[in-house]
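Given below, in the form of structure tokens, are the structures.
Two complexes, one shared chain (chain A), two partners (chain B, chain C).
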Partner chain A sequence: MIEVKDIKKKFGRRQVLKGVSFTANEGEITCLIGINGVGKTTILNAIMALTPVNSGEILLDGKKVTKESFEKITFIPDAITMIPQMTIAESMEFMDDYYNAWNQKRADELLKFFKLKKEEKISSLSKGNTAKVNLLLGLALDVDYVLMDEPFSGIDIFSREQIADVFTSHLIEGRGVIITTHEISDIEHLIDKVVLLDEGVVLKEFNSEEVRESEGKSVVDVMREVYKA
Partner chain B sequence: MKVKFNNRDPVYVQVVRHFKEQIATGMLEQGQEVSSRRELASQLKINPNTVQRAFKEMEEQGLIYTEKNSPSKITKDEQVLHRVREELILEAVDTFVTSVRSINVPVDELVELVKEKYAADSKKQGGNIDD
Partner chain C sequence: MSSFLKLTNFEIGRFFKLYVVLIGITILSQLIGLVVVSNGYMDEANNAIFQENLTAQEYVNTYGEMSLLNLTRTLWFFAPIALGVIALLFNIFFVWYRDWFGKNTFIYRLLMLPTARINVYLSKATSIVLMVLGLVAIQVALLPIQGILLKWMVAKDFRLDLTPAEVVLGLRELMIILPNGFIDFLLAYGTGIMAIFIVFTAILFERSFRLKGILFGGIYIALSVGIFLSPVIVQSILNVSYLYPAELLILEIILGVCVSIASIWVANYLLTKSITV
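Coming up: the complex of A and B.
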């Protein structure tokens, strides 16, 4: 379980996170929702200790995040970080060299799953396929937790559907996933938990099936209520 | 297997209902193996934990049974199968009655209309089979 406890973060005079708390369980998909600029990416960066927080703490399976524990998590940013001149195969080799947790078998499976060709250069890929390579490189690591920043943003509907299919496949099974998005409709049936953010605070944290069961509301219904209030 | 899910009912409840429909219409036969939880999540494009919950519910209702180390199967219990069919019919009739009641149609006229409609639909379906 990833526990985010009352984290605060200032950039200059701007208080981006004003005490954010939530939990994300292993084997579940937790979705951080909020319009751009509410601090979603900052939260992911904080979990990865890429951005030091001013106060609060983040626990991974009950312990403070350390260098070793990072081997349990992977962070997939919203844009690919590989050099565009590299081919997909070369990017995969790079990951293999760099990470102990690289799982070649799973990488090959993901290639097939996304129908990508190894020989292609990253610079020649469509936006959708670039997003898929980006996900592939992160998901091929044997880790317990996967953080994804806006995996559905700015790509065509078919790529979105293909990426959504990953969430129901064995390629994710058992892992804890945190994804950020501002567009929920594609994945409403895929997620376990929703964390609604606004201006650096958590407005509501709920389980999507529970809210359907007890209140007969969709995730979007709850969002409408919370954000309009 | 394609199912259109709505966003306001729990997805696991909708999965259970889908299975009941399949059982009642004979699409799923007694004793038939059902897809694994993983396969089902992929086919239906829903969260694997939700499928797990649906299976648990179906086991509790006696719709499926799982023997050690083998895939779940549709129940052979005639009583359960009968109950499923009954439940779906009653539900449909309930919905129908609720919606026509507001129009105040005499029940005899209604029964006549239902018969006509049924005959027309059966003809249509029969035609399809002949095609």
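Coming up: the complex of A and C.
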């Protein structure tokens, strides 16, 4: 389980996070929703120890994040994390070199799934294909948790559909996923838990299935209610 | 292979094309320079002998012999060395900032590797040191080759054959690049390695605290240099020499090691606790 406990973060004079708490369980898809600048990416960066928080605590299966954690959790940012001059094959080799969790069989499967060519250079890829390679490099790791920052941002509808298909496949199954997205409609039916953020605080945290069953509301309905209020 | 070695190999690979170009420029420029300088000398000698009716011995007595020192005092020799030094100095900054500001933010990947983050720092420093030593090795290998070529191009009567060590001794600037003895090597390259650690740590201050980090980094550099040079500074302020040169050398080595270790320790703290992507 990923536990985010009362984290606060200031950038200069601006308090971006004013005490954010939530949990994300293994085998569940947790979606962080909020307008731009609300601190969604900062939360993901903080979980991966890529941004220090001013106070609060983040635990991964009850322990603080260390170098060993990166064999258990991976982060797929909205920009690709490989060198543009590298080919997809070289990027995969790089991951294989450093991660024990790298699963070559799954990487090849993802390559086929996304219809990507190994020999293509990252710099020559379209935005959609770059997002797919980014996803491939993250999902080919045998990790328990996957963090995704705006995986649908700025890409065409066909690539979006292909990426959304990943969420219903065995490639995600059993893992704990935290995703930030504006394109909620693409994956609304797949989300287990929703965390609505605004002005650095959690406005509401709810189980989408429960809300759907008990109140007959979709995630978008709840969002409208909360943000309008 | 350990992550540190793999990362070092990877960092060298990233700079390798430019490095090969630098080596190529050095070899080409110095060899062309040797031909130009040798031919120039022989043309002048032939003209003088013909016009002034001098013997070879008289020409040499009047105008001097041709040796590798004639080449090392020209831009043909020094420009590629200066280019290499500038490129590697630039690389001290580039090696970090390209990962933050490149088209793709590779720093995410580097900091998310399942290895101690200090390995990223040490591998970047090691790659720079290895590249410097590589360029120096090329220069050391070039000097005897240039000596042989000189023998082919300039007649024995006009030539002064020097060993590579004599060439280095003949030019003060070259002694920094090719130190004459282990102590000089330790001083020149030890100070260089320490400087890389100090600047790297200052860069990490900037990457951790941004604008304030520039100030912290500046203070850190001033403090480190101050500590390293403190024995020399104290002696010059008091205008007395308490220490023998050997004692001063040992003290400087100890301080250099301390400053280097402190830089690595501070960098490790920044990389694990303060760094922001």
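The rule we apply is simple: the second predicted complex is superposed on the first by the 229 of 229 C-alpha atoms of A that agree within 3 Å, B and C clash if a C-alpha of one lies under 4 Å from a C-alpha of the other, contacts with A are read in each partner's own complex, and residues count from 1 in each chain.
Quick note on the criterion: a contact is a pair of C-beta atoms (placed from the backbone, for glycine too) under 8 Å apart; a residue touches a chain by one contact, two chains touch by 3 or more.
Fair warning: this is a prediction, and the values are worked out from it, not measured in the lab.
**Q** Kindly say whether there is room for both chain B and chain C on chain A in the superposition, answering fit or clash.
**A** Aligned through their shared chain, the two binders fit side by side on chain A.
**Q** Is A:119 touching the first partner chain B, the second partner chain C, both, or neither of them?
**A** A:119 contacts neither chain B nor chain C.
**Q** Give the angle at the C-alpha centre of chain A formed by the C-alpha centres of chain B and chain C in the superposed arrangement, rounded to the nearest 10 degrees.
**A** The angle comes out at 160 degrees.
**Q** So in the superposed three-chain picture, is A:189 touching just chain B, just chain C, both, or none of them (first/second/both/neither)?
**A** Touch partner of A:189: chain B, not chain C.
**Q** Counting only touches as set out at the top, which of chain B and chain C does A:212 meet: first, second, both, neither?
**A** The answer is first: A:212 touches chain B but not chain C.
**Q** Should A:173 be classified as contacting the first partner (chain B), the second (chain C), both, or neither?
**A** A:173: touches chain B, not chain C.
**Q** Quote the smallest CA-to-CA distance from chain B to chain C in the superposed model, rounded to whole Å.
**A** Superposed model gives a least chain B-chain C C-alpha distance of 28 Å.
**Q** Is there a shared patch on chain A that both chain B and chain C touch, and which residues make it up?
**A** In chain A, nothing is touched by chain B and also by chain C.
**Q** Quick one: which bits of chain A touch chain C in the complex? Just the residue numbers, please.
**A** Against chain C, chain A makes touches at 45, 48-52, 67-68, 70-71, 74-75, 77, 79-84, 94, 97-101, 122-123.
**Q** Spell out the residues on chain B that touch chain A in their complex, using ranges where they run on.
**A** Chain B reaches chain A through residues 5, 7-13, 38, 41-42, 44-50, 53.
**Q** Looking at the complex, which residues from chain C come into contact with chain A?
**A** 3, 6, 10, 14, 102-106, 108-109, 111-117, 272-277
**Q** Which of the residues in chain A end up touching chain B in this complex?
**A** Touching chain B from chain A are residues 27-29, 164-165, 167-170, 173, 188-192, 209, 212-213, 216-221.
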